[in-house]
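Working notes, structure below.
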Amino acid sequence: MTQATAMLDTYPLDLGRVDREVLAECIDACFDCAQACTACADACLSEDMVAELVKCIRTNLDCADICATTGRVLSRHTGYDANTTRTMLAACIQACRSCGEECAAHAEMHEHCRVCAEACRRCEQACQNLMAALG
Amino acid sequence: MTQATAMLDTYPLDLGRVDREVLAECIDACFDCAQACTACADACLSEDMVAELVKCIRTNLDCADICATTGRVLSRHTGYDANTTRTMLAACIQACRSCGEECAAHAEMHEHCRVCAEACRRCEQACQNLMAALG
Amino acid sequence: MTQATAMLDTYPLDLGRVDREVLAECIDACFDCAQACTACADACLSEDMVAELVKCIRTNLDCADICATTGRVLSRHTGYDANTTRTMLAACIQACRSCGEECAAHAEMHEHCRVCAEACRRCEQACQNLMAALG
Amino acid sequence: MTQATAMLDTYPLDLGRVDREVLAECIDACFDCAQACTACADACLSEDMVAELVKCIRTNLDCADICATTGRVLSRHTGYDANTTRTMLAACIQACRSCGEECAAHAEMHEHCRVCAEACRRCEQACQNLMAALG
């Protein structure tokens, strides 16, 4: 059981009509993607060809920050504000798409970009699933 | 001169057609709002009537995280991605609106909510100005 | 395989003499604890007796921020600075201890505090193990 | 009046024996340094000689995260925990020292490193002043 699932199971009030599994998967994907992007930016900095990876590093840094914040917003259920959740999910979907595409372009040459691109795509998909589940 | 202006003036490349003053004002407003919301959530926790302020605290926490991330994204200019910037600005505008309205509802009773509501409105406006300036 | 392990395995340079498993466990524990503390603060806000949980909420918020930052610092290996790593680990150990004790005091009454206290203790231990492994 | 001062003035309870001005200055310095380090990392990424600046970028990223978290911890006064505050201040002093020295080494060549080094030194000093004021 992941940390997000364990915590969701202890929330004292009704979570509303949201699909608990879809929500937990999205929270986990956000935290995982934040870790992957932070580590990928750092790994890029260690490559000899760092000068060719500056856009990748920048996109990683944005994506790490945006996923971390999205994971936090989604970890809160008290005083739920649908508008904030939706716009933040939209920002996260966009950041993951940009970073996933950028990393995918280097995936054959850099293993860290390959693994990070997967984390971005998983997070983008999880955010889209949650957006759909929110109706 | 604010920190954001001082750093913008040292950026080694062309910043593009963005209005430098509008950008600096937005970065400063994001960092200020993140501070105000963090402090307001904490001040609410010290009020005798904390039970009536739980929605305010939650909205403050979201707004603090979202403003902090927006301020970071806007502080980066290398490998600029217009789509990520725009969706993040949209999330920040929404979070500031929600938090500004919530805090304004307690502004007469709690001075920290009054000051925080002002920071939220200034940040919402600064984000809208930047969104407009980006064309 | 966790996200941190997957990313560590792709780092292009030598990681030095650090025990890779101890490092990965610590990164994972930091991200997990950041999630647990964020969710526990929110769950506390939904309790009828929120007024008695304000210290718990505050400690949760500090611990969430400190664990998130520690997880990021530990996810970077390029240009390693032992002094920054050590002082940040010391802050994380302290924050996890304070939060773990505070949550443990409510563990019998609030399931979210029980699960969060476990995450804090696991993170505190993982940070101490890494501190010892760094020599 | 800075944002931190404005919010400190609205805190509903007694702040204890801490010097309010020293505290406000430290909070402002932390937020400013977080902005400066985020922007300096990005500016370094835009330099032709980025390969020679990788240690500077990494140190900037750590310092930005650590200052942001310190600024948040110091913005909270409810349920004050002296041990967490002190260890976090120690981590911030170390991160600012490391980053200030690294940036200072490039200050003559890169204006962003010069401005960032100043922000780091101001933050290091403000943290030391607060540490001393806490007794």
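So that you can tell them apart, the chains are marked A, B, C and D in the order they are listed, and the count of residues begins at 1 in each.
Please note the rule applied: a contact is a pair of C-beta atoms (placed from the backbone, for glycine too) under 8 Å apart; a residue touches a chain by one contact, two chains touch by 3 or more.
In this text, all values refer to a predicted model and were calculated from it rather than measured experimentally.
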Comparison of A-B and B-D by number of C-beta pairs in contact, larger one: B-D
Per Cα centroids, the chain farthest from chain B: C
Separation of mean Cα positions, chain C and chain B [Å, integer]: 27
Chain B and chain D: spacing of chain centres that average the CA atoms, whole Å: 19
Numbers and ranges of chain D residues touching at least 2 other chains: 42, 45-46, 54, 57-58, 61, 68, 72, 76, 78-79
Touching residues on chain C, where the partner in the complex is chain D: 54-59, 61-62, 65-66, 68-69, 72-73, 76, 78-79, 81, 83-84, 87-88, 90-91, 93-95, 97-98
For the chain A and chain D complex, residues of the former touching the latter: 41-42, 45-46, 48, 50-51, 54, 57-58, 61
Residue ranges of chain A in contact with chain C within the complex: 3-4, 6-13, 27, 31-32, 34-36, 38-40, 42-43, 45-47, 64, 68, 71-72, 75-79, 110-112, 114-116, 119
